[in-house]
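Each of the two complexes below includes chain A, the first together with chain B, the second together with chain C.
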Partner chain A sequence: MKRLITILIFALLITPFVKGQDFLSKSQVHGSFELDGMYYQADDALGITDSLINGNVFGFNGFADIIYSLGNFSAGFRYEAYLPPIAGFDRNLEGQGFPYLWATYTTEKFSFTVGNFYEQFGNGLTLRTYQEWSLGYDNSINGARVIYEPTRGLIFKGVYGTQRYFWAPFEKNGRGIVKGFDGEINLNDVFGSMADSKIRLILGGSAVSKYQSDQNPMYKMPQNVASFAGRFNLGIGKFNFTSEYAYKINDPSAVNSYIYKPGDALVFTGSYSTKGLGIFAMFKRIDNMSYKSDEAVLSNALDINFLPPIVEPHTYMLAAMYPYATQPNGEMGFQLQINYKIPKKSKLGGKYGMGISVNYSQINDIAREKANDTAYIGQSGTMGWTSDFFKFGDQIFNRDLTIEIDKKFNRRFKSIFKYIYQDYNIATILGHTGEPNVKANIAIVDMTWKFTSKKSIRWELQGLWTSEDKGDWAAALVEYTISPHWFFTIADQYNYGNKHSYEQLHYYTGSFGYTLKTTRFALTYGRQREGVVCVGGVCRQVPASSGFYVTISSSF
Partner chain B sequence: MKTKYIIIVLFLFAFIINSCDKVSPPFVEGRDYCSGNKKVLLEDYTGHGCNNCPEAAVIAHDLQDFFCERVVIIGVHAGYFAQPYLNGDSLLSADFNTEAGTTWDNYFGVSAQGNPNGLIDRVKGPSGYVISKDSWAKVIDTLLQNNAKAMITINNEFNIDTKILTTSVQTKFTEDVSGNYKLIVCITQDNIIAPQLNKNEEIGPTPMDINYVHNHVLRKAINGAWGESLNGSGTVSANTSYDKTYTQEFVDDWIPKNCHIVAFVYHEDTKTVLQAEELGVLE
Partner chain C sequence: MQLNKKLGCQTVYQIIKRIKMKKVLIFALVILISGYISAQETKQGAKLPSVNVKTLEGQTFNIQNIDNDGKPIIISFWALWCKPCKKELDAYNDNYEDWRDETGVKIIAVSIDDSRSTAKVLPFVNGKDWEFEVLLDPNGDLKRAMSVNMIPHTFILDGEGNIVYQHTSYYEGLEDEIFELVEKVAAGEDISGKK
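And now, the complex of A and B:
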C-alpha cells in the first residue's frame, strides 16, 4: 500500500506541469477485471466427499488491472484476491492485495519504469517476466527499468529488482536480486545502405545476473550467477531464420539437485512463407537451464528465464489431456509444421478452398554420461553429468503428429477434421513413475452450421484411444450461439475404456454465457476431470472437482 | 557517436560479467556443527503413496549426519498420500496415521501444500509454517546458531514383561523466558518395512519399493497432540526445572528396540519449538 501511495504522490507531483483543462481532457484510465468463483459439491464417484471438502465449499480468484495515462506518464496497479484459491492453484496464492504497482515516464528516446514490470530479452532464454492468469503465475520484477533508443533500430534495456513470490515481501538474505541488460540492433534501420536490402538482419545480446547470499549450509553456493545470450533474426526474401544461444554459469539449485555444471540452451527456427504455403521448422536443446532467483524454490515461481516450447498447443478437450511440460534440466527436440491452402475452384478445394496443416514434434532427453567415475548422474554436490551437444538421449519425452483439415462446404456449413498421434512420457512429465509412455490416437470432428447470420450451432465429436493410463475416451460437445450475446453449451467426456469399471465416469458440463460489449458472464455446472493445464510449457496440476463455476470479466 | 554506444554496451556487459562466481570443488561445505547445545525438530510430513517422499527421508537422514546428530526427526504420516489402501492398492494397506499427526497436519496445513513438506521447529516464515525439503538445511543451519533456551533430559524404563514404558522428562530452562510453554512427548519407530511409492532408482525399486524401510515413524503423542503445560503462564526464570513422568503400554507392532521417545518444548502462542531431544526406549 505504501508503494501505491508513493506512486500516486509521484503522479500528483507531475500534474502541475500540465494545464488544468489539459489534465482532464488528456487523462485516460483503462482497466480490466475478472472474477472467477467455484462452488464445490461432494461427488462420491470422483472421491470428493464432504469430509474432504471440509467446509471449504468456495474458491475465488479475482483481479482488477487499472492503468492511468497522461501524456508521457502512465501508472497503474493490479489488485488480486485468492480467497481461497480455486483448487489446482498454488496454496501460497491465498490472500489479497496489490502485488503489481508501477509508474512509467517515456520520452522520445528514454523510458523509465519504477515498481513492477514485465520484460523479455530475445526469446526469454536469459530473462522473461510475465503473468499468466490461468496458471496463477506471475514472476514480475519489482524495481527499476530503463529503455534507451538512441536512434531508430537501436535499443538498450536495463533492469534491476527482485521478483514476485506470491505475497512474501523481499527480505535480506531471502530471494535473489536480478539485474540484466539487453541490446538489439536492426541493421536495416541503422545503416542507410541496408534500408532497401532484401536481407533483413537483427542482432541482439543480453546478460543477466542474480545475486543471492549464500545461506545454504551444505553446499558452497555461487552468490552471483550470470547468464549470457546472443541472437539473430535473418530474413532473406521469403525465408526467415532466428536463433538464440544462451549460457549460464554454475547454478546449483533444488531444481537441478545442486549440481555445478554450467547450463546452456539453443533455439533455432527457420520458416518459409508464400501465398498458400507456410513451412516452419524449429530445433531446441536445453541442458541444465533452470534459472530462478531463489535456489531452494521448486514450484512455478521466481523463474528469471523462459524456455520456449516446441509442441503444438492443443485446445480440444481430449487432445489437451496430455500436455507437455518443458524439462529445464535437459531436453532436445525439433518441430516441423507445414500449412497448405488448396486453392479455390480446384478439384479438392472446391468453391472455398481447403486448408491442410501437418505438424510433427519430438522431444527427447539429452544424452547424459557420468561426470566422473565416483558419482552417479545428477548426484548432488558434483558436476552432475556431461552431455554430447548433438546427441539425442534414448528416452522420448514427447512426440506429437497433428494433421488438420479445415473445409468450408457452403456458406452455412464448415468443419475441421483433426487426427493426432501422441507418445507421452507420463512418468517424467506427470511423475507417474514406472508407467509406460502413453501412446494415444485422437480423432476430432468439429462442425459448424449457421442458421442465420446471428444463430449457429457447433458440435464436436472426439475420440482418444490408448491402452495406457486411463484407457479410451469419447467426448462430445454441442454449442448454440446467438451472436453477439448468448451461448449455450453442453459437453461430456466419457472414460469408457478405463480398466477399473468404477472409474468409467462421465465428466459432463453444461454452461451458458452472456456478453454485452466488453463484459462477459458465464456459468458452468458439472464435473472437471483431473488433469494438467499448461501454457507455454509451464503447467499446473488440476484436481478433479464437481460443482458450479462462474466467471465475470470486463474491460474499459 | 557509435563509439559511445560501444562503450555503453561494453561497460554494461562488464558489469554483468563481473557478477559471476565460479565455484571450485569440493562443493560441499565443511563446517563444524558438533559444538552447541541447541537441537532442532524436523517433522517430515510424508505418506506411503507419495513417490517423492523417499527423497525427503534421505535428505532428513543426511541432515541428521551433517548437523552432527543435532536434528531430531519425526516422520508424520498424514493427509491424502498416507491413506491406507490409497487408490484401492492393496499393497498400500499400512496405516501409519495418528491422531496427533492428523491434528498437526490440519493445523499447520502441511499436506494441503503437497508431500513431502516439513516443519522445522514449527517456525513460521513469510510463507507460513511449511518448508520444502530443499530449504530444510538452510533453516536448520540458522536455528542451530542459537543457544538452547531449555535443555531436555529423558530417562526411559521399559518393563519387558508388562510392555509398559515409563518415561521421565526433565525440562530445565537456561534463560529467562515468558509465556506458556508446553511439553509434547512422542513415540517414534524405526525399521518398519512396508511398501512405499518411490521414483528415485538411487534409493530403491520404482515405482514401488515393497521392502521400503520407514524410519522415525510417529506412533503416538503420549500426552496428547498439544501436550501438557509446564509453567501455565507468566515468566520462567533461568535454571527452573520441570519434571514430568508418563507411562505407556506398547502394542505388538511397536518393537521396543526400534522405538524412541521424542520430547520437545514449545511456546503455546507461536508454536515455536524451543528445544527437542530424543532417546531410545531401551537406552
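And now, the complex of A and C:
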C-alpha cells in the first residue's frame, strides 16, 4: 500500500519534468483541508465528570484533499486523521492514513478511473458512493470505473471494486465485491427530431451485484445479490416528473434480521413551476431495501445504495431537535411543497415581494402481514413478511408541517417567520423503546438588520413546545457580521420545560470566526446538547459535551 | 486562550508522533510546492475541470462548456438546506439586472443537493424567480473536482475562463465586494494576485 502511494505520487510528480517545461505550466494543483479540534471540559450539570473524560480531553478530525491535473489526466488523494475522533463519530475511525487515492484519464468519449471513486446511478436506489465529512461517512469504491459517452445524450457507466470500511483493508472472504452497470439516454439529444419538442424525456436503468462468500454459521446466504432499477425523467412544459423503481433479490443481513424476502423501492416526484410559483409532490415506498456489501454490518458503513429521505431538512437549532432517519426495512410516505413569491409592488408583497413556502410530509411504516402461518413477522430465516404495495402501515414514523414566510421590509431590514409542527416516532428513529411519539410545535423568528453596507446584526428567537421527551425549549441567538471577514455569535438553548428541574439546563455557546477568501477559522466555546446530526437521511448521534471547538478549513 | 494553545500543540504533537509514512508526506509537500510554483509561473489561473453536471431538466452538461462571450462568470455552490447560500443568491438576484447591464456578468448557481431534493430544486428556483442559470451536482462530482469543502463557495472567472477569485461563507453585504471584483475583471484588471 505504502509503495503504491509512493509510486503514484512519484509518477505524478515527474510527469511534468519528463515531458518538458510546457507541461509544468499546464499542470494544476489544488485542494482543500480542514482541521476540527475539540477540547472537552468536565460539566457536572451535563453529567460529564473528570472520570468520564478520563484524560481523553482532545478530539481531532482532519483531512487534506489534493488534486493534480494535467490536460486529460488528473489524480489525487485525501489524507484523513482522527486522533481520536471527536465525540459522536464512529470509534472505528480512529487512526490516520490515505483512504482516498485515485487517478482519472478522460477523453472526449471515455473516462477511466482507478483507485477510489464516488458514483451514483439515478437516485442512488441501487448504487451511490459518497463522502460526508460532517458525518464521518465514506463508502467510496476502490477499484475501477469506466464512463462511456458514445454520443451526446447517451451515457454508460461500469464500476467494479470493494468499498471503504473505515481503515480495514479488503481481505479474501471479507466484505463483498461490488459490480455495477448504468445506462442513460436523453431522447431529445439523441433523436434530432425531438430536439425542439416540448416533451423532454430521459430514460435510465442500472444493474448492481455484490459478491460476498458465505461465511455465515447460521444461514445459507446468497453469495451474489443483484439489484436492478429503471427510471425516467419526463418534462412537459412547466411540468416535470421523475421516478425510479428498484428491485433487489433476497439479501438476508443483520439489518433486516436475516429474512429472505426480496426488497423493492419506488420514488416518484412531480412538480409544476412557473415564475414565482413552484409546486412539488413526492411519493416514496421502501420495503426491505438495505443493501450493504457486508451482511453482518449494522452501522452507517458499507452501504451500496442510498435511500433518499423525504423530510424537509431543518437547520434552525430547535427545529433540528428531532431529525428523521430513513428506515431501510420499510417506510412509505409522501411530501407536498408549495413555494410562492407574492409579486413586488403588490399590496402584500410591498416593494420587494414576499416569499411563502408550505411543506407537509408524512412517513408511515409499511403494512406488514405474516409471510406464513407458522412464523411471526420479521422472523429470521423466513420470508419475513408480505406487504400490500399501496397500503400505509398504521404506525406514523414522522409528520412535518412547515410554513415559512420571508419578507424584506426595506433596504436594511428583513425577516423570516417559521412555524413547524412535528410528530416524531422517537421509539423507532432513536430507539427510545416504549416512548410515545413526540408532538412538537416550533416557532421561529429570524431578523436581519443591515446597518451599514458591511455590518449587520441577526437575531433568532425560537420556541419548541411539547409535552413529550424533554418538554419545552426556548432559544435565542445574536450574530454580528462584518463582511467579508468576521462573525461573532452568542446563542442559548434553554430546556425550561423539562420535568426534572435538574435538567432545566442552558446550552450556551459563544463563537467567533474569521474568513479570508477560502480560508476560515472559527472558535466556539460552550455546551453542545445531546442530539442527532443528519445529512441526507443518514444520522449520527452526538453526545452532550462541553468545551472548546475549533475548526480551520481552506481550499485553494 | 491558554486551553486553545494547548490544543494546538497537543494535536500537532500527536500527528507527528503517529505518522509513519513520512516519505509520503514529503512527497505530498513537494507536490504542493510544485503546484504553487507552476501556478506562479503561469499567467492564467486554474481552469474549470472537465466534469459533468446536470441542467434542471436532467440534461447532462460538461461544466467546461460554459461560456459568456469573454465576459466574467460567477459560479456559486449552494443547496436547499443552506440558508446563507440562499441569502447570497437572493442578494445576487436582486442585483442581477444591474450587474449584467454594467459588466455582462453571468451567474451560475450549482446545487449540491443530493437525490433527496434534486427534484425540488427546479420548483424552488422558479418559485424564487431567480433569473440566473442553475445546475445540479447531485453526487458532488464538481464540488470535489473544484475542492469545494463547505458552502456557500463562490468563484469568479475572467473572460478566458480562468478562476481569478474564490470565497467561502456569506455575510450580509458580500455581494457588493463580489461585484466590485467583477467590475475589475470586466475591465481587464488582474485580481488573482498572480503576476
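The rule we apply is simple: the second predicted complex is superposed on the first by the 538 of 556 C-alpha atoms of A that agree within 3 Å, B and C clash if a C-alpha of one lies under 4 Å from a C-alpha of the other, contacts with A are read in each partner's own complex, and residues count from 1 in each chain.
What we mean here is this: a contact is a pair of C-beta atoms (placed from the backbone, for glycine too) under 8 Å apart; a residue touches a chain by one contact, two chains touch by 3 or more.
Everything numeric in this text was worked out from a predicted model, so none of it was measured.
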| item | value |
| --- | --- |
| Partner chain(s) touched by A:Asn339 [first = chain B, second = chain C, both, neither] | second |
| Touched partner set for A:Phe89, first chain B, second chain C, both or neither | neither |
| First (chain B), second (chain C), both or neither touched by A:Trp385 | neither |
| Contacts of A:Gly431 with chain B and chain C, given as first, second, both or neither | first |
| Which of chain B and chain C A:Tyr507 touches, first, second, both or neither | neither |
| Dominant toucher of chain A (residue count), chain B or chain C | C |
| Partner chain in contact with A:Phe98 - chain B first, chain C second, else both or neither | second |
| Touched partner set for A:Tyr39, first chain B, second chain C, both or neither | second |
| Which superposed partner A:Ser357 touches (first chain B, second chain C, both, neither) | second |
| Interfacial residue positions of chain A with respect to chain C in the complex | 2, 5-6, 9-10, 12-13, 16, 24-35, 37, 39, 58, 60, 62, 64-69, 72, 74, 77, 79, 81, 83, 96-98, 106, 118-120, 122-124, 128, 130-131, 133, 153, 155, 184, 186, 188-189, 200, 202, 233, 235, 240, 242, 267, 269, 271-280, 282, 306, 308-310, 313, 315, 337-341, 352, 355, 357, 448, 450, 452-456, 458, 481-484, 486-487, 515, 517-518, 520, 523, 536-537, 548, 550, 553-556 |
| Of chain B, residues touching chain A in the complex | 5, 8-9, 12-13, 15-17, 19-23, 25-29, 31, 51-52, 66, 88, 109, 112-113, 126-128, 132, 134-135, 137-138, 140-142, 197-199, 202, 206-208 |
| Chain C - residues contacting chain A, complex | 3-4, 6-8, 10-11, 14-15, 18-19, 21, 23-24, 27-28, 30-32, 34-39, 41-42, 46-47, 49-50, 52, 57-60, 80-83, 94, 114-117, 119-120, 122-129, 138-141, 144-150, 153, 165-169, 171-174, 176-177 |
| Touch list for chain A against partner chain B, complex | 91-92, 150, 154, 156, 158, 165-166, 168-169, 171, 174, 179-181, 183, 205, 207-209, 211, 215-226, 228, 249-250, 252, 254, 258, 260, 296-299, 376, 381-382, 431-435, 500 |
